[in-house]
Amino acid sequence: MRDNVTDPNAASRRDFLRGSSVAAATAVLTQTAQVGMDEAAAEALATQQISAQSGTISVTLQVNGKALKTEIEPRSTLLDVLRHRLDVTGPKRVCDRGSCGACTVILDGQAVYSCTTLAISSQGKTIRTLESFDTGEGGVPHAFHQNDGLMCGYCTPGFVTACQALLEKNPNPTLEEVKKGLDGNICRCGTYVGVIQAALDAAKAIKV
Amino acid sequence: MSEPSQEPVAPESGEAGAEATAGPVCRHLRSKGMYVYTDGMDYGFEHNYDSTLYWCLKTMKAFGPDDDMVEKESCCRPDRPCYQPL
Amino acid sequence: MAANSWPESTRLLNKDYPRLDGLAKASGRAKYPSDERPEGTLFGVILYSPHAHARIKSIDTAAAEKMPGVKAVEVIAGPGKLVRYHGDDIAVVAAETEEQARDAVRAIQVEYEVLPHAATEAQAMAENAAKVIPSGNVRKGRAQVDGKPEEGLAKADAVIEATYSVPVVTHVCLEPHGLTARWDDKDHITAWASTQAVTATASELAESNELPISNVTVLTEVMGGGFGSKFGADLWGTTAARISKKVGGRPVKIFLDRIQEHLAGGNRPSAMAKVKIGATKDGKITGMIAETFGTGGVARGSGFPLPYVYKFTNFSREHADVFVNGGNSRAMRAPGHPQGCLIMESALDDLAAKLGVDPLVVRKANLGKDLLGDQTDRTQMYLEQIDIGAELIGWSKNFQPRGSQKGIVRRGLGVALHQWGGGGAPDKQVSCTVFPDGTIELKSATQDIGTGIRTVMAMIAAEVFGLQPTDIKSNIGNSTFPPGQSSGGSTTTPSMSPPCYNACLEARDEFFKKIAPALPGAPKPEDLSLADGKLMVKGEAAMSFKDAARKIGMNPISVTGKFSQGLSSNGVAGVQFADVTVDIETGVVKLNKIVAVQDSGLILDKLTWNSQVYGGVIGGLNYGLFEERVMDPVSGRMLNPDMELYQLAGASDIPEIVIHAYEPAAIKKRGVIGIGEPPTIGTAAAIGNAVSNAIGVRVTNWPMTPINVLNALAQAGKV
Amino acid sequence: MKAFEYVGATSVDQAVKALTPGSAPLAGGTDLINRMKDYVTSPERVVYLNDVKELAGISGDAASGVTILAGTRLAEILASEVVKSAYPALWQTTSEVATPQIRNMASLGGNLFQHPRCWYYRSGFGLVPKTTDGKHMLREGDNRYAAIFMTDGDALYVHPSSLAVPLIALGAKATLVGPEGERTVEVEELYKVPTSNSESPFATKPGEILKSVTIPASKGKNASYEARHKQAHDWPLVMASVNLTFSGETVSDARVVVYGVAPVPWRSKAAEEAIKDKVITVESARSAGEAAAAGAKPLSMNGFKVSMLKTVITRALCTSAGNKYWEA
């Protein structure tokens, strides 16, 4: 395993700068490809001490109240680390582009898409997946079950998590607020009728 | 079982391969219907519309080892180089 | 003896029961095939074609093979091979991590000879079009002719000519296609597959690896949607198995990414129709001439039924498959029917508008007996279903003739009729085992694609044994179990519930026979019954079921039940209504309400049945309003292989949906009929008719997007 | 996604220093991570900004103006009472952006600097997608979502940031910070139109990031109206924001900005002129919409946007006057 902190003064930076015009020509336009700075100025910047991490990195993530240690790369998404390295498979990979909601987790209290969240950025934050939710009669999963707010069930973890996050912020949602609150999730089997009722029922059950 | 049948069809003469089946279908021919409608391998063929997609077990694709399209009409012809009867 | 009818009075069946695996699914505990990561798993990633049409000149995997973590590179399309669509498979890399496999895929050097393509139907049908296959891009099917269409049309009081089209849509199964295959030893494979057919998948893995089928175990405890696209092992599945063997048996996991899922995981063919149809003043159709075509990609299969539902003579129809450089179609929820329905129903509505006759009158005027080819007179069913639906949508109060609406935001109503088969396969089996500790286990090699068969089987067993469904081990999703039905064509429940019921009845009778001599007073087996978890002797509770089970001794009772006639049936009707508002300045269609009236014989679990009907309607409203595979004529690539620009309804897009289970006693007596496909057929057609009713102009192209609505209004000179 | 090195910045100073050429700033990640997965953007280094505390928050009031720091999440903008009451054009638009999850993640800066959603760009063909034989892919191909203004040029995509539209209408200014220090520009000056794939759509200098956006005091009335297909997660097809000041009943000054019609947020001077000195009525609003459409040159598939443009301007103007005539 490589040392996870690289020295930005290393030769690779200079090599990259030389190659950057090629990158700009081939890699389509990126914010990074606006190479207007001359090499000397860039070099001056690069000599500032910045701690950068690359290669394989050992991290500890706080998942469902447990500190889980694993090895990742900076590019590993939180979703892929949960599923492929920690076997926390409640969140699902469906669109993998932040559109469908199946990967939703609660990060520091906020529902987010774990497919567009880097695992490395999630260190030190509280990560909650639906495996940690109350499965009893007062919980969101129970309401989904009773209302048959699921069929194949692959979108369900995302809906349950989005619903949990919604109710934590707004314990008395109206029908419209429930719909808006779940608009970040897509179901292909078409279980929305049961899902929406489940959210309304869960809101009632949690209050009791 | 199965989808509702439609009006009987008047076969159109001269349509290449539309009716002629030279032998039993090739053992590598597959379609969803074969797995679902187990009361007859030929189920679905008699309809006046065909929404069947075939694949070949040799290539796992809709084109056979000979790079020709996998179809019920041609995957029963002994002259097709990859043909093996059931 | 096998049963030929269901009990008249039931405790559980025909009632609501929440699915057995519901809480596991809703709490993230259910393990899907894509969740499995057996010890030592390698990740497989597919290199697929970026081009719509190309010949592979060379492929160099040397660099990829040397990349960190890479254990195998398998070439699928080698030099000289054609790739026929964006997304066509070229090679697979298996590596220790998915990131490494992806890096290695990008290190494979492929030299392509890029060939001209035809990615859209228009391109494929143009003069001098690039040839998708050597024999030509358009293949005509058999012509249908019945009577004398021209003469029939000549007798009409009104004739309309119109064209309609609906684009290719994709299945978008949330769990992508794929499996993890492990070569257990020198001649056994275990695979965790996301499939609608564990048996078919096992047989294809066996055949492609030259193993006896009994040496292959396919496991599908639960799976994340198929909609007709997940039959068999698929190329990636057999490749995973091949690589696993190559690397000494380590499991190889290949699941498609979302992009390739759209490109290669299947789709519903497009449909285009030029229709001429006429009727007399009373709405009776006198003749119809249709020319239709559609594309199933680089494959046939774009056919669809037309005429649809309605009974008349004097029609002709010609259909052609058009080949394009796009992924192959696969069966998708009621193959062919949604297309046939929306073309037939649109034409009928346009005809009704021209005649100035109520659309319901036109529909009622063209029904006929034996539309579905069985003994039931469906005319009466449709007539009753239309009336029920009309009442629920408020037709008599709210319907206004097309063109009579004023204002910027206009409301409209539409209707559509549909039909489906959905009977059972007669050769499937379920085993029922009663163990001495009172455990009852059902086994069959079927699988639950989300429709609830696991729960329905448990309900049947619980009904027979006087227990609760949660007391039953309903084990499916294993290819080594007794032969079970592939989940397709709405056939699962009608195929599986008869053998399940028979197995349970026979096991119970066997149970009574075995324990009777061991009971106090040695009652006769026929004196015994089961209720509320207790053994009853001559109607009196004697002991708990568990205690009674002890009396069978050390060995379990096991019975394999078979299909029998009378428990299931085939052929359903169905009517749907849509209530929409259309903003004619923005073209935005808002759904107010959908009504679905649906029969399906005897409903076993009403809760999951409702879910299927709601789900069918929502699938249909996606088809009607949102979905479209966009192919780029320039690059030949699919432009929206995602879940964002490929649009699907979210919670805020769901209107009020009212479903009505049409199940008078005579219908219940028909036994079990499948419900997966029927409720998704008519929705898009009903929505299209409601939009046209609202704005006074036919929107000829689906889906009903603001773009298509505004274009239709502009074409009619209405904006 | 290509491998990269990662810098977790904790201060603006540190972030600026870390953003060497070849680096990309990462905030909510809802755009950048997707581009990286699609190999559209492949930075050598990613500098994570979301833990920079000095970049998040909203301050000020309606009377003196409001400053929103660049790292502020969209959900926090929605939770702001002052934004809701004084700048409904911005609040309404923010509420219609994407999904609850994205609004929890995405920052104001990320929204303003997201890359176009053009499907040719996302397929890897660049912002000015051309075939090897020089055919403009968007002009020849599927351009239903493309621009209707500036179409004589080569940038035919539409600008992706819906929040830029109300901000420009409101006359907001952006403060950038980079190696050469801070500078403040009009929000509309953040963008430019590239003529080739090697040019940027942003007018920022190398290494600069957005620090904050300041909206001037709210004086008149402002509103937005969006035409979109789906009610749930979707992009506007066309959207307009208007900001009006009045002299008595009549409009003394107007800013009308439109989304979805050009490669930059489209300021319609013609509509502004047309509504000036008028009382807002459905008729005067319609004339402004008509005026805006003059000069539009739609491509082969997006003629519908011309009528949609007229409608959204009309409705945004009428909304500012409290007249939702279409709901009557």
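Letters A, B, C and D mark the chains in the order given here, with residues in each chain numbered from 1 onward.
The rule is short, and it goes like this: contacts are C-beta pairs under 8 Å (C-beta built on N, C-alpha and C of every residue); 3 or more make two chains touch, one makes a residue touch a chain.
Bear in mind that the values here come from a model prediction, so they are computed numbers and not experimental data.
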Report which of A-D and B-C is connected by more C-beta pairs in contact.
A-D
Furthest chain, CA centroid comparison against chain A
B
Cα centroid separation between chain B and chain D, in whole Å?
54
In whole angstrom, what separates the CA-based centres of chain A and chain D?
25
Length of the line joining the C-alpha centres of chain B and chain C, rounded to whole Å
21
Rounded to a whole Å, what is the gap between the Cα centroids of chain A and chain B?
46
Please list all residues of chain A that touch 2 or more other chains.
73, 75, 96-97, 99, 179-180, 182-186
For chain C, write out the residues touching at least two other chains, lowest number first.
99, 644, 649-652
Chain pairs satisfying touch are A-C, A-D, B-C, C-D
For chain C, which residues are in contact with chain D within the complex?
99, 102-103, 106, 407-409, 583, 585-588, 590, 626, 630, 632-635, 637, 639-640, 644-645, 647, 649-653, 705-707, 710-711, 714, 719
Touching chain C in the complex, chain B uses residues 1-7, 9-12, 15, 18, 30, 32-33, 35-39, 47-55, 57, 59-63, 67, 69-71
Of chain D, residues touching chain C in the complex
1-3, 39, 117, 119-120, 123, 125, 131, 135, 137, 140-142, 144, 227-234, 237, 303-304, 307-308, 311-312, 325-328
Which residues, counting only chain C, touch chain A once they are in their complex?
18-19, 21-23, 25-32, 34-35, 37, 43, 97-99, 171-176, 222-225, 227, 257-258, 449-452, 607-608, 610-612, 614-619, 622, 642-644, 648-652, 654, 657
What residues on chain D touch chain A, complex-wise?
1-8, 14, 17-18, 20-26, 28-30, 33-37, 39-46, 48, 50-51, 75, 98-102, 104-105, 113, 115, 121, 124-127, 179, 194, 197-202, 204-207, 231-233
